[in-house]
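Here's the structure, in structure tokens; my notes come after.
Chain naming follows the written order as A, B, C and D, and within any one chain the residues start at number 1.
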């Protein structure tokens, strides 16, 4: 029971820190000492205290966007095992709920963007839904591989690091899955090289351009939700690449947090060493991700 | 009794020819029709009819056909007075007389068991019909009549030759020469094959011309297109049934002979050919009366196809003769009304019939749906039975072709019919004096109801009659 | 008892339009009577069907009212009644004196026909009901037969439905020859040779595929749905195409020992239909055509479930049967609910703006808030997103497909697993398509005057939508309530092996779904509350949309539906093949320019129409033989005579 | 007397060729008239003894085919004040040639139909068939309505010739009926021709191709 509270606590508190770590890493690479690690927290608090501006064209849909985005991320977080600790909510088919929760969030954030009636935000919404059409199958192929390997239909058991078929069979597919998941993670969370969260050229943005009109608490919820999404998907990836455990309950928590921060560093490194791709290449990479995971499945079915 | 059956109508015909008044003469037609219907009722229910030492007999098949033709004629005759009232400008003396004469001659065809006599009667029917086609006295009707007459007569002449061949086939084997159906059926196994073979072909072509089977159907679109709807209905429902009966007679003989397989083969072939020809010509058909003619060609094809298949299909074919006839009654009469209302029968001018004619228009559409075999309707049951028979007898490809052709015909007719009934009528059409009157639509409604009822429930007596007729044709004596 | 309630319900519906024919003085009386009769009939029918779920009735030789029939009857009655209420305002007799009566008459007939098909246990009766349904639907589609495009849609529909009827002829004829009776019941093993069984299977896939609008038999569906009045579209798309599914589900279950490839091919067809359906939906500019193509997509999903169940039956894996069939049946319900909801709300838009063109609408959420909300609910549901009903049925199918990998002790038929990923693709595309539709129609700024002056519809139209939306939510939140009914359906599908069926509850996390659903709702409410409180406590300013510094934004600068779908469309350009007609780039100072793109239907416009043109040309060549020359006619006779004489 | 039959049949065949080759309408009609009379004679000969009904039959045939019908045809062309040529579609030589071919075919086909022993005239079947074919030839290659009627007559004659083989089989009544029908048919055709000539001021059936697809 206490584990559940720890899980929820981590889910609520840790996500912004990842952003902080990423920014710090990039700063160090750039030779600056950069913003403090806790900067994202200050931003969120500031945003929550600000007032808001609403476009005259908007309706309830515009306000629903951020709320739904955050709520779905939260619930999705409850379905993912953190480290060795099984998820608070876990049942056969929860991975499907996991994927569809993010789809629900996407539906409303994109709608909210269209609600403003701005050409740029429409553009962003279009890109968001378009790319996810390619990301979704990739994600599901990964799930298929994991389900086959772990002979189960629930994320907790999929990710508990035990493979009835034996590590020999599992390893090749898992590598492919990890690669695929990493690409999906970067795209879905609009990271370099696919998207640049702090660019200032609207024409080239995907996620950020959708939220141009949100302000104050709404913007805060959006950023918080985004961070949480990154965290949750990161947790999945972490379990695939490093299903380690340290026997002791609290040590496992520590291991998990360390792992997440490590992942953040990796992302930071990637963002520092790579340039942003042209928009037209994004689909190519997503298709590649799909193919990787398809091979993963085929390896198992042969 | 047999005598009355065909003499009474002729009497009425004479009466009509003599009658002075153009106004009440038409009423002789329904009168004659009713009398004939009553006589038929008596004949059918009473003791077996036979006269003239077996020349005139009422066997199961002829009972069926007679009842149907008599009913058909009666319903059409109800329509006649109102129709002729629409055409006061022209004398209907010849028209009425010929209608009644036609009835008499058809009756004679049906009850004749002497093939020569039957031939005479059929030729007489042709001659009696010619003036009916010519009723409109327009150049086009003249052309139609000429074609009908010449092609019909030539065909019939061939049939006569065929009849002679048949007779000779018995002489040749040194048997007692005869043209009596029953004797021939019994002698069939002994008849000389080559003569019988030739005879069957000649008769099929000859009476096939009369029935309108492809490729002898060429007169049909012209005749049906130019004739008044009433006459069209009688031709498509009555006369063709008589010709069909004639073909049945000779099939009866052949199926006892070694020629049976050949006969079946030919019948199936002609049946499919007729359906195919109809399919080709209904596509993009502009003239909805000619379309009906081709539909009639198609259904004649279905009839002979069913006979060729045999077994359950024979039952289906006999039933189809009735259901198709009734449905054709609906279509021709309503088409006639539409023609009157728009005075055009081309889909270029005719549209919105459902608005222009609140009763005839929908009936026309309903008739189309029925005749193309949409359930629930009489033709559906009969066609379905034929299909089952076809599959039962293992003619899978025939069944496939059958369905495919039905589909094509449906597309062709559907396009034309919908163009007629849907949309908004032109102002010119709204201006014409014609309006749906009770006398003009009630017969159609009766036809429709009968056809529909046959689709939902076949009366027990009729079912028995059909069953007997089928077994009688298939050689079992009942 | 309950069968008589159903029969009474059918009769009520059949007669619902009749009184209106005789009430001429006061236009509203007839339609009120019709609605009352329809509602009464539906209440009777639904009660009877629900009762029949637990004690099925068999009135051989005519009628069978078992779980499967009941499951299909319930949406028929529900949607039909709601539609006729909706019609009171949408197609008020006062506004449409010329065709209102006709519409209501045939509306009743269609409902009766549909219900008749569902309960028929005799092939002749089946075909009667079938044709009554099909033909009445034709008259509904051509309600406005003064419009040319309506007439064309009507002809197309009529031809296609007759094709499927002819296939039924063949099907039932063979059935009769095989069984020797018109009674419809399961064929005992070995009743037919494998060849005949295959022929039957192919025939029924074609016949019912046409009615269900399964790719590639969908050709009639888009135009018919677009041209019909909206409550009719709701009925057709919601329940009429499901009767095709009914036929498929029912008859397939009666064919003995199916080979695996049957289920496999169904699975493939379903996937194809699902993906292409939604892809073509992306290309549409007409709101109702878009919804119509989504029907094709959802039919595909249903058939996927059925195919899975069939595979399970061939390999004798009960879990696949249960999950696949339960998913299919539940999706039949769900699609009936949310697609009807979507068509009704689309109708409400059309009713107030008089246009179906998406790119002329926009900003309606402000003027028609209720309609917008209902459309949003429908959209979320049809995308299969939690916490609504669409998610539940798709989850079942997902679980079944995942299980084909061979989870635990079950055998593995991994090919099917790819369908799971395709289903994910379908879901994502559906989200894209409905964001586009919802956004372009209801959000942003009005793109035309008609959209600018839109007004909310009255109670008679919003009421039915409310009911449907509520049903979507209920099924989505408490699926364990419908679980047992589906179990009955599954059991009825395989009467021979009722024993040892794992109950749906053990295979699908019904309880957890509702936990998750309620949690989600709770979170939404909580966060929503916090947010609103936060906003209300702080300073709020209203301003124009931030347009990145552009001087004079106009409504035309919004992202339109076409531009929204442009990028996705470019991925599928190989199948969509849009015909673009645009004035190209211009000089330094561009003048007026135009852009128009149109997506043809792959099967209809690019295969069938050309083929038919060839047939027409061929036949017009052959017309030469009927050239009016009597000499030619006579020579045909001679030639034919000689041919026949030389035949043998 | 049966040895007279074959010569007469030869005459009939020759008359076919006359009908085919003649360019003037009068000649054609006369040829058919003569043919009809010959048929009457044939009846008498075919049936050995000259019983009453046979005599009546023969006379009726001669009267009808040889006198009445030709009269009607002459009448028809007299009304129609137009050129009296036959106006063939196929030239005379060609049609003669075709006629010859037809006759040949008829003889060949007659081979396949065995004649019973003790039957008179081995020529009957070929003659009948070739006359029928000639009739068809006239029907299909001559434009004028009247010529087509003549063709129909010749066709009918051909059938009639075959009838010789079964005098006994076909009762008197039927024979009369056949003749009557023939008469009425020609009569009605005559009327129609009359109307046609009034409508189109020509009896050429080329005019009659309005009704077509």
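As a convention for this text, contacts are C-beta pairs under 8 Å (C-beta built on N, C-alpha and C of every residue); 3 or more make two chains touch, one makes a residue touch a chain.
This is a predicted model, so every value here is computed, not measured.
Chemist: Name the chain whose C-alpha centroid is farthest from the C-alpha centroid of chain B.
Modeler: A
Chemist: Going by the contact definition above, tell me which chain pair has the most C-beta pairs touching.
Modeler: A-C
Chemist: Please compute the C-alpha centroid of chain B, do the same for chain C, then give the distance between them in whole Å.
Modeler: Computed value for the inter-centroid distance: 44 Å.
Chemist: Express in whole angstrom the distance between the two chain centres, defined as the mean CA positions of chain A and chain B.
Modeler: 78
Chemist: Indicate the whole-number Å distance between the mean C-alpha point of chain C and the mean C-alpha point of chain D.
Modeler: About 70 Å separates the centre of chain C from that of chain D.
Chemist: Suppose each chain is reduced to the average of its Cα coordinates; what separation in Å results between chain B and chain D?
Modeler: Using C-alpha averages as centres, the distance is 31 Å.
Chemist: Could you check chain A for residues that touch two or more other chains and list them?
Modeler: In chain A, nothing touches at least two other chains.
Chemist: Spell out, as numbers or ranges, the residues of chain C touching 2 or more other chains.
Modeler: Within chain C, the residues that touch at least two other chains are 623, 626, 628, 630, 634, 645.
Chemist: What are the residues of chain B that contact at least two other chains?
Modeler: 146-147, 150, 154, 198, 221-222, 281
Chemist: For this structure, give each pair of chains that are touching.
Modeler: Every touching chain pair, ordered by label, is A-C, B-C, B-D, C-D.
Chemist: Would you tell me which residues of chain B are touching chain D in their complex?
Modeler: Result: residues 114, 116-117, 119-120, 123-124, 126-127, 130-131, 134, 139-140, 142-147, 149-150, 153-154, 157, 160-161, 164-165, 167-168, 170-174, 177-179, 192, 194-195, 198, 221-222, 225-226, 281 of chain B touch chain D.
Chemist: Show which residues of chain D lie in contact with chain C when the two form their complex.
Modeler: So the residues of chain D in touch with chain C come to 89, 109, 136, 139-141, 143, 148, 205, 208-213.
Chemist: Could you please specify the touching residues of chain D with respect to chain B in the complex?
Modeler: Contact set of chain D toward chain B: 112-116, 128, 132, 136, 139, 145, 148, 152, 155-156, 158-159, 162-163, 165-166, 168-171, 173-174, 177-178, 180-181, 184-185, 188-189, 192, 195-196, 199-200, 205, 208-211, 213.
Chemist: Sort out for me which residues of chain C touch chain B in the complex.
Modeler: It is residues 124, 127-128, 130-132, 135, 142, 145-146, 151, 154-155, 158-159, 162-163, 165-166, 169-170, 172-174, 176-177, 612, 615-616, 619-620, 622-623, 626, 628, 630, 633-634, 636-637, 640-641, 644-645, 647-648 of chain C that touch chain B.
Chemist: Going by the contact rule set out above, which residues of chain C touch chain D in the complex?
Modeler: Its residues touching chain D are 623, 626-631, 634-635, 638, 645.
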